[in-house]
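Shared between the two complexes below is subunit A, which pairs with subunit B and subunit C, respectively.
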Partner chain A sequence: MESIKVLIVDDEPGMRLGTQRVLKKHKIDVDIESEYQGLELIIDLAESGEEAREKILADKPDIMILDHKLPGIQGVDLLDELKTDKTDIHTIMVTAYASIEVAISATKRGAFDFLAKPFTPDELKHTFNKAVKHLVLKWKADKLAEEKKQIRFEFISVLAHELKSPLAAVEGYLRIIDKRMAGDELSGYDKMIKRSMTRLEGMRKMIFDILDLTRIESGKMKRELKQVDIIEVLKDSIDSVSPDADQRGIHIHLNREEPLFIDGDQTELEIISNNFMTNGVKYNKDNGSLNINLKEADDFIIIDFIDTGIGMTEENKNRLFGEFVRIKSDETKNITGSGLGLSIVKKLVGFYNGSVEVKTVLGEGSVFSVKLKKGDNNG
Partner chain B sequence: MEEKTILIADDDMDLLEQTTAVVEGAGYKTITADSEKSAMEILENTQPDLAIFDLMMENMDSGFILSRKVKEINHKIPVIIVTAVTSETGLHFETDNTKSSWIKADAIINKGIRYEQLLSKIEDLLK
Partner chain C sequence: MDKKILLVDDDYDVREYMRVILETKNYKTLQAENIRDAEGIIKNENIDLIILDVMMEKDSDGFTFAQKIKSDDKYKSIPIIMVTSVNEKTGFKFDKDSDGAFLPVDAFIEKPVNAEKILTEIDKLIN
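This part shows the complex of A and B:
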């Protein structure tokens, strides 16, 4: 449970204790989310600016109710000090003569609000509530910022790890080749060179995927919306995976020939189509099949990519769209990929008011259903 | 010279390929395994002259599990464990192959393997 530390600074004992009494009886109700309900107040008192300074240094309060006129160091001067220390205390200035000058000067020095003496308990509660509400909002904002930073940090560390691993592999091969450690027979190095090329290719793919992902996320990807024939896009994808598919005896079939237009960006649709097509071949079994079935439903196009591949467990299916997620198993260990493809696809499909659904049976295959809106895909 | 056989287990395809190539290049025979499970199966009916295990495969301590198995079969067979754990965490493993030591390995080598170092270690341990 969170608590709010309050420091009341006033040289008049009556004011100090009176304020404390009002706040102690006061039930905080600032209409905020439940996680901040029932905040507890921890109230401390100081009778001079000097004492307040000491207490602030020892344990920074969240809210300070500060009398403007104090015997030694003045309220405003204390504010000045705090400002340079960059301590974020919500200060409510208490002034005997409410003048606009004092208000301006206090606000300039970082006071959150001010109260004119004499004030009623209700006025105190009202002003105090405002400060609490502001404080809680700030806490929430800080928490969000921290979470965002954490996510970014995690992304970067995973990324670094993912890039380090192919680098280490290629470096290892080069060292062996450099010192001819595998003997004098040149053919003994063929596999190492092939593997190095595969790892570098994977690394390049990952870098391109990251560029795509960051462009999409930052909204900097230029979209050129026009009528795009999705059948042409799918056919181009089929052509690009055909060499691999043929080599492994995988049969690809598209159930429609006549054009089907969608209001979209050519590049985006290509990325989506290529991803499912490549996955449908990569994670298929030798001599399997990949069927692409198109349906129209109201304003939407639904494309099913049905493979006879290795399938997934329910648990892995749920992880599938995360960043850098690669399903690890005996079947997938020789398949390269950035683990970013589906997370890119998911973001792109969002531009088309669409969705991706997965049905899968381990060992038997998967169906990826992509739903895209035909028109009005302006974001 | 009689050809010695070295069992190499690593679930990283590239490291397995590299270690195997280097070890074979130095004139040893190799048997390879790409998992703890498959190494275990090999050990059921084969007795290598030396074994090199990656520490983390299916389990966090696959290398130690395999090492213990090797020592059960014949405590004279030297075991080298390859790991990235020490360089990433600063953990230090005892390599003292005595009864009191819970880790039964004769050498622990950090990943980012310098293969010359690996070869000289193998040579030492096979003496």
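This part shows the complex of A and C:
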């Protein structure tokens, strides 16, 4: 993309060469990003519409400066042809007189802009710059769209894999149960049934997580901003993880009782709180602890989730917020999860001008610090 | 003596139901959830056959591992059955005759694994 191909089509040799000379000396100067600075111009010439057509077929130019009045096929007719072929050439139509009708009909037929003869070098440069700028913007948009498509494709492939794994597991177990392959003892099948239920539960959670994620991304999630007491939200999360925590002797402590209000959406704050709370229990050690410490700093609330769990390496820490990322180790292999929790949290925290910071030591524990703005969170 | 089969798959439950299937024919199973563990087991045990999932952590793990085994004089006689799930996605079926050259394995089995099919395949390869 470091060059722009230009085709000048004019039957008058003087016009052709004059235009070429101006453009050759011209330094492209449009206000564009550095990756598109210093674009080189590759200029080609054609004497007639027929010759232009041939050259376009052989090597499509990015910008064409096209004379309206040509001996054989006319400029506008060439435009029509190009339009039906959907070639996206930025055409600057050159008209012999400042006729507004010709200009209008040319733009209708797909010309990007027009120049009235006779024109000064500055007029030419100005119009040409406009075309270049437009072209570069289009390149950028195309590139972004392409990247987005790629990311979406990758997301869907990973998703398909993630959903297929539990299906394969459950199907495998069911076939064994169906054929009574594990012998006549009924108890031999209990574990398979338990495992199947666990896998289905994981699958259900993943589907709900994906729905959350896509709703957040598409902006379709209705936000209802009001004053929410974050302490209440945290306490509810604690209640929902308590059965698991109690069973494993994990002690949870919240350092503040009096209400602390934040301008936010109840559901969003619940999702954020629940994710850190469940992680703090799931990835903790038996008889460990999870401390939730709240601080206020200027317009922000900082919530620290401090656990005495398995921690992780620096390398893994940096991957954490990616979609479907789960850290595989002996400690985590029996813990279910979709690896979407933190990517959802990251998106939501963005609504609160916030951030998440992680400090962690493998084998010792982690601190997840969430920073949320107290007010004005509707952008 | 019972034959020893190494199961390589990153999914605990897949290894588990495969183990049940194999035990109906009294095969002894050893399990590895990643390539590193599988390499260790092959070194220390006399493995008679490997059942290998293509799709693991990285897309190419299974392929690379099969190639490595089959180019090692010490291990290349161990038959490998590769478990794939490509068919349902691409309609592209692996075949020993056409794909054996770049994919040096002895048989392909589609996921979800059919118990009878895999047992017949194993029987052909090691008995």
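Everything that follows uses one rule, which is that the second predicted complex is superposed on the first by the 373 of 379 C-alpha atoms of A that agree within 3 Å, B and C clash if a C-alpha of one lies under 4 Å from a C-alpha of the other, contacts with A are read in each partner's own complex, and residues count from 1 in each chain.
Simple rule for what comes next: a contact is a pair of C-beta atoms (placed from the backbone, for glycine too) under 8 Å apart; a residue touches a chain by one contact, two chains touch by 3 or more.
None of the values given here were measured: they were computed from a predicted structure.
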{"item": "Combined model on subunit A: subunit C and subunit B, fit or clash", "value": "clash"}
{"item": "Which superposed partner A:Ile262 touches (first subunit B, second subunit C, both, neither)", "value": "neither"}
{"item": "First (subunit B), second (subunit C), both or neither touched by A:Arg199", "value": "both"}
{"item": "Which of subunit B and subunit C A:Val9 touches, first, second, both or neither", "value": "neither"}
{"item": "Partner chain(s) touched by A:Ala168 [first = subunit B, second = subunit C, both, neither]", "value": "both"}
{"item": "Subunit B versus subunit C as contact partner of A:Ala182, first or second or both or neither", "value": "both"}
{"item": "Set of subunit A residues, in rising order, touched by both subunit B and subunit C", "value": "168-169, 172-173, 175-176, 179, 181-182, 192, 195, 199, 333-334"}
{"item": "Residues of subunit B defined as touching subunit A within the complex", "value": "11-15, 17-18, 21-22, 24-26, 34, 111-113, 115-116"}
{"item": "Residues of subunit A defined as touching subunit C within the complex", "value": "160-161, 164-165, 168-173, 175-176, 179, 181-182, 192, 195, 199, 328, 333-334"}
{"item": "Subunit B-facing residues of subunit A, complex", "value": "168-169, 172-173, 175-176, 179-183, 188, 191-192, 195, 199, 333-334"}
{"item": "Subunit C to subunit A touching residues, read off their complex", "value": "10-14, 16-18, 20-21, 24, 33, 55, 57, 85, 89, 111-115"}
